[in-house]
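Consider the two complexes below, in which chain A is the common component and chain B and chain C are the respective partners.
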Partner chain A sequence: MSATTRQLVENLNALATGLFLLTAFGIVGTRQARGCLQLFIAQSLLLAASAGLLGLQFHSQHLYGVMLVNLITKPVIVPWLLRRTAPVEIYTRREIDQVLNIPTALSIALALAIGAYFLGVPLTQALPPEYHGPNVPIGIAGLFLGALTLTVRREALPLLLGLLAMENGAFLAGISIARDLTMLVELAIATDGLIIVFIVGVLVRAVEQHVGTTAVGALASLKEAAPHAEREVTP
Partner chain B sequence: MSGRIGFNLLQVLVVMAFAPLVSGVTSRLKEMVQSKRGPSVFQPYRDLWKLFHKDEIVSHDSSWIFRFTPYIVFIAPVFVALLIPVLTSYPLFFAFMGDMLGAGFVLALAGFFAALAAVDTANPYGPMGASRTRMVGFLAEPVFMIVFFTVSFVAGSTIPYIVQQKWVTPAANFFAPSHVLLLLAFILLILAEGGRIPVDNPTGHFELAMIDESKSLEYSGQGFALIKWGGQMKFFVLLCVFLNVLLIPWGLAQRQDLAAVLLAVPLVLLKVFCFVLVLVVIESSLAKLRLFRIVEFLGAAFVTSVAAMIAQVFAA
Partner chain C sequence: MNLIAVLLPPLIAAALTGIPSKKSWWAPGVSVLSCLVVLLLAGRMAWRIALGSSLTAALGAGWSNWVAIDGLSALILLLIALVASTAAVYSVGYMAHGQLTQGKLRLYHVNYNLFIFSMLAIPLLAEPTLVWIVVELTTLCSALLVSFENTREALEAAWKYVVLSLMGAGFALFGFLVLFAAMHATGSGPYTWSALLAAAPTMPPLLTQTAFLVILIGLGTKVGLVPMHTWLPDAHSQAPSPVCALLSGIETTSILYVILRLFPVMQRVPGAHAQIWALVLGLISVGTAAFLLLQVTDYKRLLAFSTVEHMGIILTAVGLGASAHYGAVQQIVSHSVTKSFCFFAAGATLLGVGTRQISAVRGLIRRAPIAGAALLLGGLAITGAPPLAVFLSEFAILRAGLVQSQYLVSGLLALFIVIAFFGVMVHVNRMVFGTAQANQAQEDPPHEVEAPRFRLPFSCTLALIVAAVPVIVLGLYIPAPLQELLKQAAAALGR
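The block that comes next holds the complex of A and B.
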């Protein structure tokens, strides 16, 4: 590979990670459940792109494998599973609830991202130069922002997407450090993720049928269900 | 020397001559997307011509600010056009007077006077629009600042002629994350500052929903023409900063002769036309945001610009 192509590939990888960071911010800040899902799909595609570009850069077969697994599971199977299990949540609801308002959440997200850089850059500096790159700090930032999504959202589906975004972040950092991970590990993680999506999807549906809402943040305190009791009394 | 002054004046003339055309083409294309025929692309010129031949009515209760503002709004973009690369990739005679921050301040001065003039007339809609414009303005300000800080981190300078070469030498720099994120943030800024959907509806005629337009409600005749023309030139100048300095310096004249500079005119207009196509797609596919959602829109722009900055600062 010539020096110019190499630099181009490096820059494209950096661009993919930069846009990855942007989608992570988007998942924290969007109002629509559907927009959240679309941003998650975009994030997974960017993760796959980063894996592919790193594979090109370091001639690693395993990273191509990661790319393929990512391309198949997250952008295709996850939306399909969610559509089968909890369609109402994604495709009919417009606005979703947040604990914090969006500008506040975004400001916290910014602070977290900068913190992730302060954490990630020294980590990579300790490694040999070929491991230097934006993947580790942005991966850590993705992890943090996914965790933030878990904290600020009140609804089941965005919570799930926050969890998956955390996994994406961990992956993004992982592929740049452990380039020759066994394929088995990747497959195991991918199937785990799908099982989580499936279970949460079914759970969301069950909660929605029982309670009539999926704002799980509002279900934090247990109460005696008065309406049900009344219904039983009135024959 | 005299050639450079001449090119500089030519640059100003190009901005003055083609700014209404950009606005005409945009509205025509938008109408076409909505399956309507729309007015001719030259309609903004006819409007300006008509307004320059009409009487001007000035309220007795307004002060000198109201009378001077149209000239300031008109002169500010003309002045900025002296500083930035519109046609050439080398600095022209007056370019030493200011960098991109200076240009931003000059445009902000015009905005300041426009807001004062809107308050001056005591028309109830004027101050409302002025305060809304200020709201959009002070939310856009930090984004502008961070964009320029990032630019100065990358190029070591905020002089536009130095900055524009950095993105293409070597060509792989074009794909640097800081560059692309910067462009995204600046597109959001252009939408906000230009009073475009989703921030403001430029074709709206409902005073209560106006942001940018309501500042000129009290103007008529020549004053109104100057304000309109000034607004169109401000948009054109912002496009030039975006397309020539931040995006790619392609199409600008490299040599110092008249033929090369004249050739740059259609090439730059082609770039502007491509941007207008993107703008029409954005404007036709989004709805106008509610007023308090604008905070979120510009918050997104701010986050994008900060992401660009940290990507640049920590890249080394």
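The block that comes next holds the complex of A and C.
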């Protein structure tokens, strides 16, 4: 690979990871459940793109495999599985009573992303130069923003996507620093993501049937020192 | 004999229990049989390891990158098999009591067997990222067991369980990938626990420490370490009682096992302070749980908080250093056998009185003598009353702490254990021997006198008796092969 092409591939990877970070912010702040799903799909495609570009840069068959697995599972199978398991209501919801309002949540997200940078850069510095690059800090930021999504959202779909976005973040870092991991593990992790979607989908359906809401994050009747009789009245 | 064989019975059983059958004994029978086969296989493995043969060496070269077994993993495997068997027997009568449809009962047993499968895989696998996957699977396979009763509370508990455990797992995945990068930087071979141990002295300390902390926090969420414990009392109290026995008795310890695997690695990394982290997180967990125990109103939550306390004790013991390691593994054993027994007792109580409220249960010993006696024994056993199993292990830990002149840690630990003892026993004592409170007595005075004696299903009584044996025996005498296994397991915790 010539120096110019290498530079181009590196720049494209930087672009893909940058956009990845943007989608992570989007998942924190988008009110529409369906919008969150689209952002998550975009994020997965960018993850696949980054894997492909790194594969090109380091001639790694394994990373091409990761790209393929990501292209098949997340944009295609995840939405299909959700349609099969979870109630349709989860798409149509527009979330208005988040735990924190959106500007506050986004400010926290910004702080977390900056923190992730200062955490991620020293980590890559401890490794040989070929591992330097934007993947680790942005991967950590993706992990943090996914966790933030889990804490600020209440609707089922954004919460599920927060979980999957965390995994995407860990992966984005992983394809750069752990690119020689065996393919078996990658496949197993991808399958695991699908099982998460299935189980959470079934659980959301049960909540919808028995409690009558898809705002699962708002369930909060189990607490210490509150007798059962009093719990029942809280909606 | 291939190590993988032990994973097959639960998988086959999961498939068989899924087959629709009109006979009501089919699904429970298959589960019990499968668990007994697993117990036999695991017992045989543990026996051979205790006698000093290395089962990993007998594996082909291709396998040893994926599966391995040593004293510590054999011990965990044996405990999982033991508790799974008693819980399967207990399930027979317990689930029959609930008037479930055949479909619902099948769902229970399919999930039960898959859950057992995922837990058995944790100690057997040698590749850390694969271990991470089966840890995820334990959450996913047990989620529908936690929500099994489909009440508002059960669904909420299952939801919290899934979200918080998977959130922790997300961090842990990052940790395991960083750990891989750290090991790979030294140029060592395939990613396994033993390769990590060998590569540890030359791994970049910054990466290794970051990975350790992220994994400790991430998996610590699933173990129920304070402050990541918030989901645990919910999930461990809302699930059906045999599932609670599995969740509290062995799921927590088998996840803790994964964290414990990292301690010998960290001891070889220059400048790492893994033991201090263990002491701090462990003591915070024990202390918080001890005080929370005082204010619970639900007796299954009481036992769940006691699990948080015990996880803290084990972690503290690991942090105390090599001389407390024997006590730590002994505590793992005594916690698993005792906590599962306690949840069987709590389940028997729930069947007898139909409520989880501590304040609504009085004079249990008169109304349901077996449940009352079991709850009393369980309460005494889990809080470390002599001469039962937990007493022996907690005593060993405290003694090791004093020998190492860790007076502050030992003192705090002893104080918290005493507080937890009173916290649990105050509640249990009232439930078992107490008389109905004045206002309740006025409302329905004949209720308590004339309530018919409750008869526990036979399989539940059987499971209670079998589960009580190790709780009592291990406090008086530890058989020589088990002692050897414990020694090997303790050695695996140090460098």
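Please note the rule applied: the second predicted complex is superposed on the first by the 214 of 235 C-alpha atoms of A that agree within 3 Å, B and C clash if a C-alpha of one lies under 4 Å from a C-alpha of the other, contacts with A are read in each partner's own complex, and residues count from 1 in each chain.
The definition used in the following text is that contacts are C-beta pairs under 8 Å (C-beta built on N, C-alpha and C of every residue); 3 or more make two chains touch, one makes a residue touch a chain.
Because the structure is predicted, anything quoted here is derived from the model rather than measured.
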Clash-or-fit label for the pair chain B, chain C on chain A: fit
Chain B versus chain C as contact partner of A:Ile140, first or second or both or neither: second
Chain B versus chain C as contact partner of A:Phe25, first or second or both or neither: first
Chain B versus chain C as contact partner of A:Pro103, first or second or both or neither: first
Partner chain in contact with A:Leu82 - chain B first, chain C second, else both or neither: neither
Which of chain B and chain C A:Leu46 touches, first, second, both or neither: neither
Touching partner for A:Gln7 - first (chain B), second (chain C), both, neither: first
Most chain A residues touched (candidates chain B, chain C): C
Which superposed partner A:Leu54 touches (first chain B, second chain C, both, neither): neither
Superposed model, angle subtended at chain A by chain C and chain B (C-alpha, nearest 10 degrees): 150
Touching partner for A:Glu167 - first (chain B), second (chain C), both, neither: second
Chain B versus chain C - smallest C-alpha distance in the overlay, whole Å: 19
Common ground on chain A, meaning residues reached by chain C in one complex and by chain B in the other: none
Residues of chain A defined as touching chain B within the complex: 4, 7-8, 10-12, 14-15, 17-19, 21-22, 25-26, 29, 102-103, 106, 109-110, 113-114, 117, 121, 134, 137
List of chain B residues in touch with chain A within their complex: 170-173, 175-178, 180-181, 184, 295-296, 299-300, 302-304, 306-308, 310-311, 314-315
Partner chain A, residues of chain C touching it in the complex: 127, 129-130, 133, 136-137, 140, 143-144, 147, 150-153, 155-160, 162-163, 166-167, 170-171, 173-174, 177-178, 180-181, 184-185, 190-191, 204, 206-207, 210, 233-234, 238, 292, 295-297, 301, 357, 359
Chain A - residues contacting chain C, complex: 119, 122-123, 126-128, 131, 139-140, 143, 146-147, 150, 159, 163, 166-167, 169-170, 173-174, 177-178, 180-182, 184-185, 188-189, 192, 195-196, 199-200, 202-203, 206-207, 210-211, 216, 219-222, 224-228, 231
